[in-house]
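Two complexes are shown next, each including subunit A; its partner changes from subunit B in the first to subunit C in the second.
Up next is the complex of A and B:
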């Protein structure tokens, strides 16, 4: 029996691709990336491709073990206690990956669109649809993601096209290759940023052997958008400025010379991207919720709702304790993805080993 | 192969139950032709005619009910028969001419078989062994003929009640295409569909409903096109329906899908036989209910509700253009008031200086906040619409004109409303009328109000929030296993975009079942 019923693979690919795009473009730790003059438009797409490796390993292990989703793989590989610990670790990774784009969007909204409003009021508007999606389930999230994919793609294309008059190739200097070691290190560390999305996409029950196809297609769907967006950002701003700009994709239209009708529609773009962030976050949180509820034996909707609440609270806490949370965030950015990598890799290897033993 | 065997069983069962001049045995215990309900359990027919007369009289409240008719007749051979019917429901003139007089003149022995084969001159006749079923048939307009010493009776299809003639569709009018519409009589409605689909694979079966009013219902579907699991699920759902509800298209939908607070319709109610036939050929099921002038079509998607028969009657380019305009109208209807309110209240930067100054100038002297003004006008618009529908035809049109033009102008002059907001509400109302389905129009009106309130509370952020919640809600609806937003989401293989009309290729029976929305 297919589950989630009638969700469709196209919806899953679109939703995972959207989540990858938001992780790739909106969650960049600008200070580190641009201060070291890393060519993000090369490093981050490479990081995405690199992050497919553990997912392919997990997919292979699932195929060998006959597991239809990540939960089954974990139960196949681990004992009940380890299974719970691994689910908890994956949920923490999902929380981090979900909160990042949401926090970026909320921050930009607070600074540039609703400057007089309280941050918590903005987050209240974010929480309602996030909670609804989390409670409704995976089929609902993927269907909504599929509907929103086309407007999101159009909005990114519109943002890139309207900024064309402001592009300057001179801003790409120094060219890639000058800081090759920094770039390689950034690529390696950033590859983990995509891992929560790709690994948690394995939570969707599919026929064994099809998980890898879904992950690869989603990555290929997101790749051109990520590359073009990051390239456009670099063409619009010098690297020295980018370190201090939050969500440069949104703001790069501002460098376009002269006023215009399209320029005034920038707020629609941020709203669409907020919608995309919410869908991405809901996807991650619901997947994590399903894993946790399997381990705990509680209702999936309730677990996903609690994760959504924790996610919003953590975004709120980050805004209030900026100094401390910035440090935590930078650590999480480097090591946080290990939360997803370690349990998945361990489960995959254990499954492959068990199979061979058998 | 199994499907054809099943079809053969269904069809052969119908032929047998139709009676007529075929072999009379075995005697059925309840009604045929999908018309009569099963009554309240089997009860044998008393052999003595006096007992039949007494029990039938009690059941039909004779003689207190002046319409109940129990008439004994004696043939030349001296044997007696009892005719039972209800005056007003049965055609008594035909009963006299073709049943009672031939019996009076007949010298044959009065047995059900002999009378059916050699005496009476009625086309629709069948034998019935269940006394309750016979009385049910009488209550529905048939006449029953009982015989001394017989354990079965004859049910004569001599319905003669007044009914509305097949008229012109009023709620789904089109310039091109057929004009006829369903009536309140289920037999006429089935006949109208049969005229459109003269196929051996058209299945008309009695719906397993049992309700207090004794309302009859039939399921109509195409054997090859409809999904058997959907038909079976519908049968199960109909069996579970509570009996103490008066059955119509609207109540059937609520009972099939539960009393949810969602305003979106889950079934398509159509009064057009051509539209029902088109849906049946594309794999959907029509539920026809006696007394209800609409066919209940299910399962459906949101896009079925946005289609109009004219899309198919026009050529492809024009049909697609009409659809695009309709979708634009629907989007304008739902989103424009909220979007305008967001811009005016929170995001004035999006508006150009000229537009902004026009809005400000038009709102000078208007006392209420712009959100309240917009809500007030939307509610007044709904009031005008509701009033226009409740009063008789020509006065209703006058109310629309008076409400729309004179009241609007007066409200602007009295500074109760600004002209810009009035234009926004009017444009949104026009967009709403582009939606072909009445119940979807109403749903769009309520969703529009939700968007206005969200925009008032949080501007574009509030609207984004409401939009995601609405999409999530729509995405989670399913109508008998078919996702409400299919084939857009989830994508269906071989499905055409619902926004544009696809080519009419022919040979398409059974292809749909949710894959294509190029039905009327």
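Up next is the complex of A and C:
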């Protein structure tokens, strides 16, 4: 079935916004961020805005080249070999960005929710909807994202509001006194959490000239949720404790004083957030799959399915080799932006240069 | 669209199907609602677990309340293993509402056990309250499950209600204990409870409705009758993880006033000549903390008050004078006494650490020991204003 040129944009904005939220909030490397007293509720939203820059450059290049999606831009800019290399680099970035929220949710389910269930059973449970969404395609993922956007937004709002009795502004202190260079370096490195989502969203075919609007709208949709969530985490925990806590947004509900039915809300929230993480991962993996399949000449669904499998296997491997993966993860946070930034910037600049010369 | 609907349905059905992951029948678990730690005789600790008792139809006439399981052990896991070996179910800690330590154990630093437990593995919520028992833990927990009623499971609600209504109870959880130790921004203090075995409860001796003695008939004249044998009698102060002092209920109210946890309560006030006694309800309190130029800290409290009871012959002007002049100076004195007691106990119960933290900037969190030492070097001054809510100005 053929869809009109700009159909599915609302779903794309909702799905990309969802992915930005989960990648942004669930991927914080606590030991680095909080040990340096970095104000994450300022730095990470700034990182999101910063990561729009290469996306806007790519969108401009696509408009000038008349490309409807990132794949067409790369074929316009690069030879077949470079296309494949660039697709591979973007796929690596997508795998990492997709795995982070899934790993966090699976870890919470394993440690805090399911007694006695093996980690691999939980991942098998997660893999099925992820694989199905990846195989079904972008239209299905974006429509699912559009339907789930409202419940996810409500779930985040519920988590923030139910934790209100436990907030204390004193936990924001000492005020950040970090060097500008440190803060800038953290902000720049954290843009890696958002770059794969924003850049790969360009794979979705749209009329040339509308890509930038889509990316900006998705970022603006996610921005208040990211800012408020990170602020709520800082209001609930002092920085001294946050370095050693995984998924503090979930745990906020566990430290809230007092009994009541809201005490059990966290279990419902984690299932909704798992659904959101699955949609985010599916979006990233399907987009990466479409790029790779164009380069390899393989069916898109199959490529996306294989990427989903690799993603789940890497999450499982992380559980068994925790220390090693922690080292890999910290390096990727510092250098991982290059995986997505370099091929996109290169393709954009090449396209602009070619257009100028033409 | 149809595909999306189908996948939404799949995602929705996955929710209840998730229960298939490692399913365990509810009968196979004993839900622990309270964990007690006392000093052991032959081993390091004496662990007491109060389990929620599920009443079945067949057991309808038996006692309700909690099931108490106890074991001496050097560590928590050892105790759990020993108990699970002699009961037909596994212990589940996902419903633990509070920890209770005996006073003796608390004085010997037994609270460090909370830092050793893996709350994640046990699935214990960090919002579980921490309490201290003046006597033994078994007496404390036993006194909470009288009247054929599983009162143990309601204790957390009762404590919060007591705190809100009287201001004479402090509410502290394990999460706040961890924050106090990791951030050093305030001293930990926990409610302390007493068990009075002389309190007569109407059904505590009855095994069924049809048999057993009725202790009410045999109660002494003017006996304390009804309610639970265990009640909260004040606040235990801690220096680090060691209990170093105790405040009574009235002193606890002043502590709550000073650290901003007070909602409402009553104070009694004698006139200087001792002729009259007033009982004044403090309706609300607004707290502001100011750091002076010489690093001193001043806590300003603005209280709204109304007369609860006063001798009939006292004029409204006298009442107003008592409330707006005598009461503030008397409360300032009492607050300073409580501040001194906390200081002597080495406990930053008035949260000077939080006040000092607000003026700091840094590239890293302040080391907790440093902040604690700074906080203990500060003794706050108090400035009170009382507004008579029943006067024309106060309304």
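A few notes on this one:
Note that in this section the second predicted complex is superposed on the first by the 344 of 358 C-alpha atoms of A that agree within 3 Å, B and C clash if a C-alpha of one lies under 4 Å from a C-alpha of the other, contacts with A are read in each partner's own complex, and residues count from 1 in each chain.
We take it that contacts are C-beta pairs under 8 Å (C-beta built on N, C-alpha and C of every residue); 3 or more make two chains touch, one makes a residue touch a chain.
These figures come from a predicted structure and were not determined experimentally.
After superposition on subunit A, the partners subunit B and subunit C are seen to clash.
Of the two partner chains, neither subunit B nor subunit C is touched by A:299. Once chain A of one complex is fitted onto chain A of the other, the partner contacts of A:182 are limited to subunit C, with no touch recorded for subunit B.
In the superposition on chain A, A:213 makes contact with neither subunit B nor subunit C. Contacts of A:34 after superposition: subunit C is touched, whereas subunit B is not reached. Subunit A is touched at more residues by one of its partners, and among subunit B and subunit C that partner is C. Once the two complexes are overlaid on the shared chain, A:265 sits against subunit B while remaining clear of subunit C. When the shared chain is aligned, subunit B and subunit C each come close enough to touch A:114. Shared-chain residue A:140: touches subunit B and subunit C both. Contacts of A:239 after superposition: subunit C is touched, whereas subunit B is not reached. In the superposition on chain A, A:8 contacts subunit B only, with no contact to subunit C.
With chain A used to align the two structures, subunit C clashes with subunit B at 476-484, while the other stretches in 476-484, 494-502 or 512-520 stay clear. According to the touch criterion, the shared surface of subunit A, contacted by subunit B in one complex and subunit C in the other, consists of residues 114, 121-122, 125, 128-129, 132-133, 136, 140, 143-144, 147-148, 271, 275, 278.
Residue ranges on subunit A touching subunit C, taken from their complex, read 34-37, 111-112, 114-118, 121-122, 125, 128-129, 132-133, 136, 140, 143-144, 147-148, 168, 170-171, 173-179, 182, 237-241, 251, 254-259, 263, 271, 275, 278. Residues 5-8, 10-11, 109, 113-114, 121-122, 125-126, 128-129, 132-133, 136-137, 139-144, 146-148, 261, 264-265, 267-268, 271-272, 274-275, 278-279 of subunit A are the ones touching subunit B in the complex. Every residue of subunit C that touches subunit A in the complex is listed here, in rising order: 1, 3-4, 7-8, 10-11, 14-15, 18, 21-22, 24, 92, 97, 120-121, 123, 125-127, 156-157, 160, 171, 173, 175, 178-179, 182-185, 354, 357-366, 368. Subunit B meets subunit A in the complex at residues 346-347, 349-352, 458-465, 467-469, 471-473, 475-476, 478, 481-483, 485-486, 488-491.
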